[in-house]
Every structure is written in structure tokens, then in C-alpha cells.
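A, B, C and D are the chain letters, set down in written order, and residue numbers restart from 1 in every chain.
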Amino acid sequence: MDRYVIRQRRVFHARPETAFTEFWTSVTIAAELRRLGLRVRTGPEAIDLSQVPALPGPADLAQAADRARAWGAGEDDLRAVLAGHTAVVADLEGAAPGPTVAVRVDIDALPLPESTSSGHLPAREGFAALDREAMHACGHDGHIAVGLELARRLSAGDFAGRVRLLFQPAEEGGRGARAMLGADVLAGVDRLYALHLGLGLPVGDVAAGTHGFFANSKLRAVFTGRPSHAAAAPEEGRNALLAAAQATVGLYALPRFATADTRVNVGVLHAGTAPNIVAGTAELGLELRATSGEVCDELERRARNVLTAAGAAGEVAVRIEQIGGATTARCDPAAVRTVARAVRSLPEVTGVHENYRFGASDDATLLMRAVQANGGTATYVVVGASSPAPHHSPEFDIDEACLGIAADVLERAVRGTAEDPAV
Amino acid sequence: MDRYVIRQRRVFHARPETAFTEFWTSVTIAAELRRLGLRVRTGPEAIDLSQVPALPGPADLAQAADRARAWGAGEDDLRAVLAGHTAVVADLEGAAPGPTVAVRVDIDALPLPESTSSGHLPAREGFAALDREAMHACGHDGHIAVGLELARRLSAGDFAGRVRLLFQPAEEGGRGARAMLGADVLAGVDRLYALHLGLGLPVGDVAAGTHGFFANSKLRAVFTGRPSHAAAAPEEGRNALLAAAQATVGLYALPRFATADTRVNVGVLHAGTAPNIVAGTAELGLELRATSGEVCDELERRARNVLTAAGAAGEVAVRIEQIGGATTARCDPAAVRTVARAVRSLPEVTGVHENYRFGASDDATLLMRAVQANGGTATYVVVGASSPAPHHSPEFDIDEACLGIAADVLERAVRGTAEDPAV
Amino acid sequence: MDRYVIRQRRVFHARPETAFTEFWTSVTIAAELRRLGLRVRTGPEAIDLSQVPALPGPADLAQAADRARAWGAGEDDLRAVLAGHTAVVADLEGAAPGPTVAVRVDIDALPLPESTSSGHLPAREGFAALDREAMHACGHDGHIAVGLELARRLSAGDFAGRVRLLFQPAEEGGRGARAMLGADVLAGVDRLYALHLGLGLPVGDVAAGTHGFFANSKLRAVFTGRPSHAAAAPEEGRNALLAAAQATVGLYALPRFATADTRVNVGVLHAGTAPNIVAGTAELGLELRATSGEVCDELERRARNVLTAAGAAGEVAVRIEQIGGATTARCDPAAVRTVARAVRSLPEVTGVHENYRFGASDDATLLMRAVQANGGTATYVVVGASSPAPHHSPEFDIDEACLGIAADVLERAVRGTAEDPAV
Amino acid sequence: MDRYVIRQRRVFHARPETAFTEFWTSVTIAAELRRLGLRVRTGPEAIDLSQVPALPGPADLAQAADRARAWGAGEDDLRAVLAGHTAVVADLEGAAPGPTVAVRVDIDALPLPESTSSGHLPAREGFAALDREAMHACGHDGHIAVGLELARRLSAGDFAGRVRLLFQPAEEGGRGARAMLGADVLAGVDRLYALHLGLGLPVGDVAAGTHGFFANSKLRAVFTGRPSHAAAAPEEGRNALLAAAQATVGLYALPRFATADTRVNVGVLHAGTAPNIVAGTAELGLELRATSGEVCDELERRARNVLTAAGAAGEVAVRIEQIGGATTARCDPAAVRTVARAVRSLPEVTGVHENYRFGASDDATLLMRAVQANGGTATYVVVGASSPAPHHSPEFDIDEACLGIAADVLERAVRGTAEDPAV
């Protein structure tokens, strides 16, 4: 059993694709799900890109498509996804009546070169990322594998109700969940389980419920000044690079709040073209987070002040757009109970948490809120992975023993949902 | 006559290529010079790249090569230049004995998208840059055209002595001249004329000599920190983007000097990959300039302090390398006299300057010093071009009437050099 | 009863004195305690200044002494305190044997001009600060009054055991508690109650125990550069003001931690003497806080890096000294129980908290740890005060109804301590 | 002869008083001039303070008055000057008709503690500043002495025309000249000589004329935010200290200009009161300079943008006021000629400059422009002083041999003015 899930994990680990360019990833998932007999939706049926900010540009999409082809994706399969429609939704009908249970996993990688150190298992065992552009540094390769394993285990239909598997792109950056909601992928869902591996828990620990989600807001700020010759006419320039650097140090100086835990990060800064030209353009990518939605809004308001002022100081125009976000959420006791019951039946699980502190963001919160708004229930499940290095770092890895545990937990939770009187 | 020089200028204007990727440019220049009957050296015979810092990487070279092919460069011609050997040196023997006179023009463009405004002549007349990657925003397209026109006028050999035309790549960034010196291209040169169009002078004005060169030093600083998850473990990160931003604001705060005019510019900043990752790497491109070599050295020393300290503040490693530079220089009175005499014989020239204030940098100064070190003489000639916008800005342009004037001035100066008793 | 405590509070409110200059305050407290019949220690018997960093300088002490005289302090009383020995310790013997119970209140004000708005009760009622130098903006005026009221109520000795009242100077800045420990003021103490009014609780709410103390470290950084003429020789200067400003923005950019709540504040910056002189000296006063002692140490380590690097960037010398600090602490369940029992017997108390989140720092934590290290028990009691504005702001005030409640709580807790089997 | 001028210089050197507090200085000058028989104007007759920005406050004036009394100034004399009316104007009638010639010297010191090094002559010889508040670090002590020596030499009236000696306060900061113009002190003046010692010239060199004055503008920026508790409610604060620090680094990043030499200096920053309070107020003192008045105006405009934006970024109010300034000026050839003729007749002068580059600012330029506007002529005379350290630094000193030379130059220039046909 585990050998399938580990093999899948390694195949996807070696082929990381970032938000909305999960071309090879999505067509490979869809093919496998079809092979297992599920009813599969892809392309615009699975995701609505019409409101998505900051999609990759044509050049990036084309480069990613070439890579997907090089990795063996067929032209027919690719056609539906090449604009960025990289979500996959799969349905499975049970043998008996019962609730509709959705399981959501995310599938995108991060723009980070993977460690080549011999201490890093994927490097040592030969399944590290095939190029230096991206890395599965948040465990989503494992999420995909667990999702497929779950499909494999349930494919006989020997359960009550219906199961819907959601393979979501673009979790990093917080845009995929909202776009999938646009395609109404949660229609009829009574119960939602979202999965994450790792997050500080050791292998053997499982959290049936979580709290402490950070609401977040991701912004892009584009500074447009005026280039000039750095020696012959510096005063003619309006220095966009300087404005972006000043905005950066200003953003990091936003106050801590006594009323919520907060985060500020400027993760991307690109400016200028040559040392002897006063830079006319600059671009920042940043995010604000808070454990309270109100504080996150207030932080964003202040961040916009800082960005605007940095432009005003140097007569540089600033355009700010939100490029993603997530919200806080709460796990429903009923859903937590179902998972906790499933977990307690597993001998390989040695630690159970009912209300684990998450301490990061996930746009699964938007899906949870959508299910709850329709009268359903949801929980966010964390399966320990004994990561040797933090998420989003080049040495991030998971202990693959977590994959079987995660599949066990979710399989039992799905099968057990029908028994929950609350559903 | 002028129609040739204007036509050439427009052809090169439309095909801008930046430092060490002047592939189409250099093979086109070489072909035309051979057609005109000159003895032409290209590739490693014209330039030695062994000591050049920060050459373009393989991907950039490959992309530039593809573009050169798309613009019609032949594979045979390209072979010699594709590693970055984009200099062209051409010799012409006169009918009578006399001095060896070199004329140096530079050929590279800037990484700047050209204006598409209808007020911008190249856009209106249809010879603007064929892509958005680069622009001839410093008049080097005109320099090439004047160099070719000069070859055309002198190709009959009806002059005393020898003429050597130097088409230099990578003036922007200050690396081409030093590399050409490595190929000994000034061997035997008695007199050097370096040309620049524009620089604040109107059409009709010519400077036979110049002063006020800025010595400069161009640096690249690479910051290497440690990436981490911006929400789950910000304290694990070592923020290279922040260090680069702090270094930037620190560099701009370097003091003005009472002892020389100075310049500081951070023209390039690239850092980070995603808003939710503490950025592990960042890179700055910057330059320091001063009208005194000693002050330029002192500025560079202080800039290195600022860069190093910005790293130390955040436990981010910093590697600094010099990627180019130029020096100050003085024009020899004898050479200035020859040009001034030539200029005064031209009715279209209405203003003559013998000691114009340059106010920028040019690595022609290295060539001037090399000629002077061998007992030769040199001057830096500026031909007014009535530019409607500053050099290095998207609306930069030249009044094409300057091209014929520049050819006239140089032709007469070359022919008149043999008459100078000092040579 | 309450009229005494309110009258006292207003007298002290009008005469705020900052850390180690509580001259009038301390002699007035001592006189009143003696009048009430307590055995009083003042001067070096109550506090050891030998290890205290950054005591006020002679000029500041002299000015404060003059003010204390102007407010009526007698020369004889002043003599013992004028070097900064402004602590008062008072003992009271009970009629029956029993534990030694200490109550600690702090007595210093903040260097903040008080609001003159008519909406501000002290201004409207005429007991606002008599000068603009300082303000009781943290409720310590109330603490003094409650301490005196307690002395008054217990002065008959009708209780079991012994009571020791500690009136501590210099809580703001975190230096007074450590210095009082140097005079061994906790010798023999079995139980310690520390009091604070306000802290976000409304009148009627009382916290019998607290958590979430911030450990903190207060630093002074002195930058020594070299002054020079700002126009004639800016390059000769080494700009200490600039280094201090850069350090400030760097300090605020220290990362948030996922492992503890943190605070960074640069509260004081003084630099330079005239606009036309490059500033040769600058001084910063700053503090780091964290809800974990280890994280506070790590924050301080990083802050020192930032300060040192800011100096190195500009060749400015930096000297850093710690000028105060506090630690975290935990309240003992036995002590919390005693207070909770006392509180529940009071009809005017409508809300009881057993583990209130403190969210700030108090060097009472050092006293609590010292009592605990000797086998005693301690708790930190908060009595709600319905403050209309945050602590440390010019409009801060307390609802004086809190004073009687605080006296009631402490009186009953003191009397009830003997009944606690754990003591 | 020289012994008088040196003695006077040392007396004033030991008693430095800064702008508008030159109480002892002004009454001592006036008394000596009266003793020498000149007609003396002081107080409001010599200076109009009604438009002067940023005069010292009552406490500073009172402290300076006490010091002047301690140094022996009489109460009667002080009365006229205690509001800041510290200018002295003295007239002398010649024996024959002729032009009215004004000589302007400035009298204020700088807020800088003087060097106590044994290598510093005033320290070694016992005439260093009597307190640590201020220092004659720009040679104005010598200017006073030369002015008095001139009065002594001319007091017999053995010259043609009239002489008016102007002893101007508050040159540093650029407020005194404008205020004296308000009292019409140049009425009837045909020729003005302004004097400065030092400025990079060795003893024996004299400049009869100067160029390269920096226009300047001195600003005060007051930031008003909102204080709050740095731990309990940092988000409630509006951090004025941070805004001031950010403004500072932003101001130093103002661009260099190709069109003029510029200077930027933030010389004073005072903010905050305690490390644990988010600072509610901050104040900057800064200056902008340029060798072109237009560029100075443009720099000031940009500086105001930076200040305003720094406030806007953090929701901190900013009030900006100009507290002083100077302009550029040109020396009249006729006046330069008179001085040059005088200088050439002096054997102790070994180097004569007719157009020395000044490289700093002096509000004497306002007086020069006022004389020129009335049809008169003016020049700015520099007498070399071999200063061992830069102006405005703690080791600044003058070789006292310069004093006699300066008196000789001015005496001969004054006497020779009548012979100038242009006057």
C-alpha cells in the first residue's frame, strides 16, 4: 500500500510547478484519477480564472508548457489547462446513501531552488526537482500522493455517500481556493476535510482540528518613476528602486500589535536594469498576516500608507493591487470529532491534538467558510511529518511514513463521516 | 552622403543589443567594413574576455544569439562572436607615410524599453527598437553609423598614414575598453580620437577637447541569507532582501565631498521569489563616480563598508565584486588643436569648445591613457546632437543632422593629423 | 475610608517624579508611614544603588531636588534620598504569629507631559502634574495611595504574622526591583503580593493571578563619530546622527518570532547640535521584549548586531549598555487562591480572573522569583480601573473607585494569607 | 599692535555665545567701541527681530543671561540685548568727504564642546571656552578682534568718508543678516567689505574676491504622533521618532545634481522620552545647500516632500518651518580691485587670490546683495589662517598671525576705497 503513495510522492516531488503553471501536475493527476475510475473535471469546469489577480504572463505560461511537454504531458491533455486552469475535481459515488464528503489537497510548488546537499533525502535518492526553478518545499507533493492513494482505496465505492476530491492549484499566494469556488466545486458538500502534512508535528502525531490561522493579504506594488543618466542628470530621474527600498524598510517597521499576532514580509523586489541608469521601475511582492481578520485589514491599511508615502517622497507613482489572500477559520467540533475518532483507531498514531495551533495561512479557510455557510461542517487536519527543516526552506522534507498515516486518517474519516449524527 | 549615415543609424537603432551581446551588431559592422575593403579583425583577435567580470550567462547569450539569428545574422559570422567577442577592429592603409590614427566608437545599447510615444521620432518613423529589451539611448547607434561613414570616405586610401577604426562593445558598464586593450588593439597608435554625440550640446556645436570625466567603479553585491516560511518561522530566515534594501538606502546616504563632484547610483536590485518566503538571496548593481580618482576610490571604500554592514546587521553573507570601471583622463593640447582646426573649417559648425565639461564617464579614458602611456596623444570629441531628452531615458534621440557633422569633423581631423608637427 | 485613598492619590498625582528622582514622593511616603506607626527604612537601607546602570546625572538630580524642596520636602528628610535612594520599606507586626507577607507597589512617574484637555479629569479637577516634565501615566500614584491606605487599615496590628510594605522606585526602565533586592528587602518573606491598577480591566474586575509577562531588556547605545562643517568638509565627518537613524529603522525591522510574542521600541533618540554641523554624537534608548526569556535574549543579540553594523557602515563608534530589564514569572496557585478567595467575598467585584494575560513587563517579576527561590509564594494582582486611554499616554487616568477595591482586595488577601495551609 | 588684537581674540574665544544669545559678547563689543569714541547703536536700533524664526526660548535666553552676568556683563548694558538684540553697529566720521564704507564681521559661536586636547592651543594656553556649551569653531572670535582693532586704528578719523562697523549675530543658522537689514543698517553704504578668516587658506594668503557661495535653506521639522505603551499597545502609538529617522535617511538620499554642487545635512534630531513609550514627538534640524539658488529651491522642495511623506507613512503630523537661509552672491570687480591693491602693498602677504572658491554659505551674501541693489559695491574677503582642523570641528583654531594681516588688509582697503574712481 505505502509503496504506491511513496512512489507517487517522489514522481511529483521531482516535477514541481508553481501557482497556475501546474500543467504536468494537473494532467498527470487527472489521468491517474480517470485510470482509477473516478469522474474527473478539469479546465474551466474545475476553476474560474476570471477574477484571479496577477496570473503568470504569456512568456511564463509558454515556458512552463514547454517544460510540461518535456516531462511527457500530452498535447491533448494540456490544451485544457494551458491558460492556468490547473485544478482537478474528482467524484466518486458510494454504494450506500450518505453525506457528500470533500477532501481538499493542494498541488503547487514554491519558486525556490532545492537543496543539493547529500544530507537532503530527495537529492541523495535522486528524486529532487528536475530543474532549479521550483521546489515542493511545503509538502504539497505528499498531499497529491495522499489524494491519489485515497482515490485508489475508495475506488471500489465501498462506502456510504459521495466523495469529492479537490486538487487545488495556487495555494501559495492564496488564489486557487477562491478561483475554485468560482466554479462552484463545493456544491452539495456536507463535510470538508483539508489536509496538511508537517507544520511542526512529528510523525505519529495528528491534529484533528486546528486554530490560529493567519488571515493574510498579499499585495503587489508597482513603482513607476523616470529613468535618467546616473551621472549626467541624476536630478532628472525619479528613482523607483530607491522608493521600493525605502518602502521595504518602512513596511518591516510596521508596529507589532498587542491585539493579535502579526507578520510582515516583503518577499520579492525587482528594480532597475543597469548600474548607470536611475531606475525608472520597481516592483514589490509582499504579504501581511494577522491572527485576527480586523488586524490584518488594519495592517494592510497601514502598509498601503507606507507604500504610497514612499512613492510620494520621491515623486514616483505607485500602483498597489491585491494578488491573493486568505482568512481565518474555525474547525467544527463535529468534524473534529469524526477525525479524532478515526485517528484513535490507528495504532501508528501516538499523539492526538484536537486544537493544534496552526500559525500560518491556508486559503483552505475560504473553502471551510463556504461549506459552513451552506450548513456543512469542516476541519483542517494536520498529519505530523518530522520535517528536518522549516517549510519553505531548501532542505524541507517529509518523513514518508507520514503518507500512509495521512491516507489512513482520511480514509477512516471519510468512511466514518456517515456515522456522525450531526451530518 | 548623409543618406548613407542616416540609413545606417536607423538600421542599428532598431536592433539594440547590450554589453557583450552585440552579436547582430558586430557581424553587421564587420561585413560592411569588409565590403568597403578594410582589413577587419573580429572575435578573440579584437578583444580578450579572460579578465572581464560579470559576462552574461549562458541563457542570456543563447537568447541574444537567437535574436541575432532572427534579425538575419549568419551562423558562420556568429560563430566567432557568440561567447561575447563582439569588438571589431578595422585597418586602412593610406597612400602616403604618416601617423597611425585610431578612431574609437562604441556600439552597445542599454537595457531600457524605448518610448512608444508619437512624439518620439524613432517610434513615429518606424525604426524604434524591434523588441522591448533594450534601446540605443546613448547615441551609440549614431557612433556606429559615423564610424562606417568614415570607413566609406577613407576607403580609397587617399590620406597619409594609417587609420584604425575601433568598434567597442560594452562601454555601458565600463568593461569593453579594458578587454580590447587586452587584445593589444592600440599597438602602434600615435593619435586617438574618441567620439560622443550629444551630451548636452546642440547641433552645430562641437567640442574638440573635454574635461570633467568621472572616474567610476561599478560593483555587484550578492547577498546570501537563509529562506524561511514568512509566517511559520520568520525568525529562522536571514532576510537578504531586507539587507539589500537597507544597503541601498545606506549607499544613497554616502556623503557628498567638498573635494570632488560625486555620484552614487544603485541601478539594479533583484531579490526574492515569493511573498510568503523570507528572501534568501538578493543582488545589487551599483556604481560610484567622482571627478577625482582618489575620491572615487574613497567612495568605493565607504560603499563596501555600507554593503558589508548591511549584511552583518542581519547575518546575511555579502560578496562584492567590481564589474566595471573607468578613470579620469585629460585631452592632449596637440590633439585638441587638430580637431579644432578641422572644426573651424566647417561652415555648419557654429560653436567650438576647446575644453567642454563632460560630466559623465566613458571607458574611452582607458584607451586615451594607454595611447598617452606609449607616447601618443588623444582627445575626446563631442558633437552636439540637440537631444530632446536626457541620455539613458526612453525619449532620448539625436537630431540626425549631427551625423554628417561628426563624420566631417572626424574625416578632417584624421586627414589633418599628419600635418600636426607634434605627431 | 475611600476619601483618604483618593486624597492621597491626587496629592501624588500632582507631583510626578521619574525613576530615582522620587525625592518628594519618597520622603512624603516615609513621613506618612511613620505617622501611622510603622517601622520605616529609607535610603541605603532600602535600596542598593551600586549596580544600577544609567542613574540620573548630577544636573538632573539637582534639578529634581530643587523641585522637591519647592514642593515642601524638608532638607533633613531629603538628605538620605538625594543620591537616588528613593525606596521605602515599612514593617508592621501583627498581634498573632503568622507568615511574613509583603506587598509591593511602585512609585515612579513617566517623562511625559500630561494632557491639559478638559476631558481629562486631573486637568478638570485641578490635580494634574504641577510641571510639564513628568506624569503619573501608569497608575503608580494610585499604587502609592493604596499602599498607604493599607498601612492605615493594618496599623492597629489586628492580624496574624507580619506585613512588609515595599514602595519601589524606578519600575519604569526596570531598575528599581533589582536594586531593592540588593538591600535584601525580601528577607524572611513568605508571600508576596504585587499590585497593578488598570491594564485593560474595567472597574469591578480583579485578576488574582496573571501570565504573559514580557521579559525585557533596555539598552542605551551611544554613537561617537566626528563632527565637521556640513558644507565645507562633509566628507571629513563621521555622521553619528545618520548612524543612529539607520540603526533605528534597522531595529524596527527585526523579525517577528513564531515562538513568542515580541516587542521592539526605540523610545529616545538625541543627536547633534546644529543644522550646519555633521553630528558627531548620538544616543538611542531602546527596549526589546518577548514573552519568552530565550527569545528576549535572542532579540537582544540581534539588536546589538544591528547597532554595531549601523556604526560600522559609517565608521562611527558604538557603545552599548544595558540600562534595565525584567524577566518573565509565574504566579503560584496558592497565592492566586488566597487572592481569589478574598476577591469573591467582595460585593463590589463583579469579575474575577485567575490567569489574566498581562501583556507588558514589570520588574516585580524579579521580586516574585526571589521570593519563590526562597521557598515562598507570590502572585501579581491586577485591579481594573476603566482607564479611558492607554497606559503611558497623556490622557491616561484611573476611575478612582478602583482604589478602594484594591485596598479591600489586598487587605483581605493579607489577612487571609495566614489561613492558607500552604504558607 | 598685534598684542591688542590677539588679547581681544582670546577674551572672546573663552566666552562663546551662540546665535541670539551673544549677550556678554555684544555688550563687551559695544563698551569697547564707545571707549574708542565711536557712535554706537545696539538693541532694536541695530537689529529687528520681528521676522526672525526660531528664536531661543525663554529658558535658553534666561540661562544665557545668567552666564553673561557671571562673566561680568552689567545689568544696565544687558537690558537692551536680553531679548536677543545682540547686533552692534558703530559709525566713525572721517576728516575728509568720501564714500561710506561698511565692514561686516560676525560674532556668534557654535553649539559644540571645544577640544580639551593638549594639542589644541586654546586648551594649552588657557583660553578655551569657559563652559562646554559652545565654541568659537568658525573664527568669529578673530573677526570680532579684527573689527575692534580696525576701530582702534581708524578712531582718529584720519581717513576720507565714513566707516560703519557691523558686528552681526547669528551668522550660523543664517538669520542675523536679514534681521539687521530690517533695522536698515546699510543705509547710505557705498561699499561693503565682509571678512572671513581661514576657509582653507594658509596664513599669508588673502582672497580679495570670492565665488562659489552656497545658497542655503535651514529647516526645522516637528513631528507630532501619539505616544503609547510600547508593550501593551504599540499599535495605538503613532511613532514620531521612527518618522523622523525615516525622514533622515530619506533626506540623505536626495539626489546629487549635475547642475550644481549640493549639500544635505540633518544636524539635529531629538525625539522621545523613555524606552518604553512609543515616542509621540520628534524634531529635526536640517539644511539644504546648492551653488545655485534655483537648485537650492528645488532641493528644498524635494526635502519637504520627503518630510511630509515620512509623516504620512506613519500617520504622524509634520510641521516644517524655515529657520534661516542665505543666498549666493557675486563680488564686484571694483571692490575686489581695491582689496587686491591693498593686499599687494603688504609684504606679509605672499599669495593673492582674486576669485577664491568659497564652498560654504554666509548670510553676508544678503548684505552684499542689499548694497548692490542700492547701487553700491561689495566683496567678500578671506584671510588665510592655517587652521589645523576643519571649521566646525572641536580642534578648529587659527594661527593668530592672521589677525594682524586681516586688520592691515581691511585698514588699507577702507582707506583706499575713496581713491577708487568707481565709488
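FYI, a residue touches a chain if its C-beta (ideal position, glycine included) is under 8 Å from a C-beta of that chain, and two chains touch if they have at least 3 such contacts.
Remember, predicted model here, so these are calculated numbers, not experimental data.
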- Note the shortest touch-path length, in steps, from subunit A to subunit C. 1
- Based on the averaged CA atom positions, which chain is farthest from subunit C? B
- Given the two chain pairs B-C and A-B, which is bridged by the higher number of C-beta pairs in contact? A-B
- Query: For subunit A and subunit B, what's the span in angstrom between their mean Cα positions?
  - Reply: 46
- Between subunit C and subunit B, distance of the C-alpha-averaged centres to the nearest whole Å: 65
- Item | Per-residue overlap in subunit D, given as positions that touch at least 2 other chains | 231-234, 242, 246, 249-250, 252-253, 256, 258, 263, 278, 359
- subunit B-touching residues of subunit A, taken from the complex the two chains share: 110-112, 138, 172-173, 199-200, 214, 216, 218-219, 226-234, 236, 241-242, 244-246, 248-249, 252, 263, 265-280, 282, 285-287, 289, 323-324, 359-361, 390-394
- Message: Considering only the defined contacts, which subunit B positions touch subunit D in the complex?
- Response: 249-250, 252-253, 256, 258, 261-264, 359
- Query: Mind pulling up the subunit B residues that touch subunit C in the complex?
  - Reply: 231-235, 237, 239, 242, 246, 249-250, 253, 255-259, 278, 295, 298, 302, 305-306, 308-310, 312-315
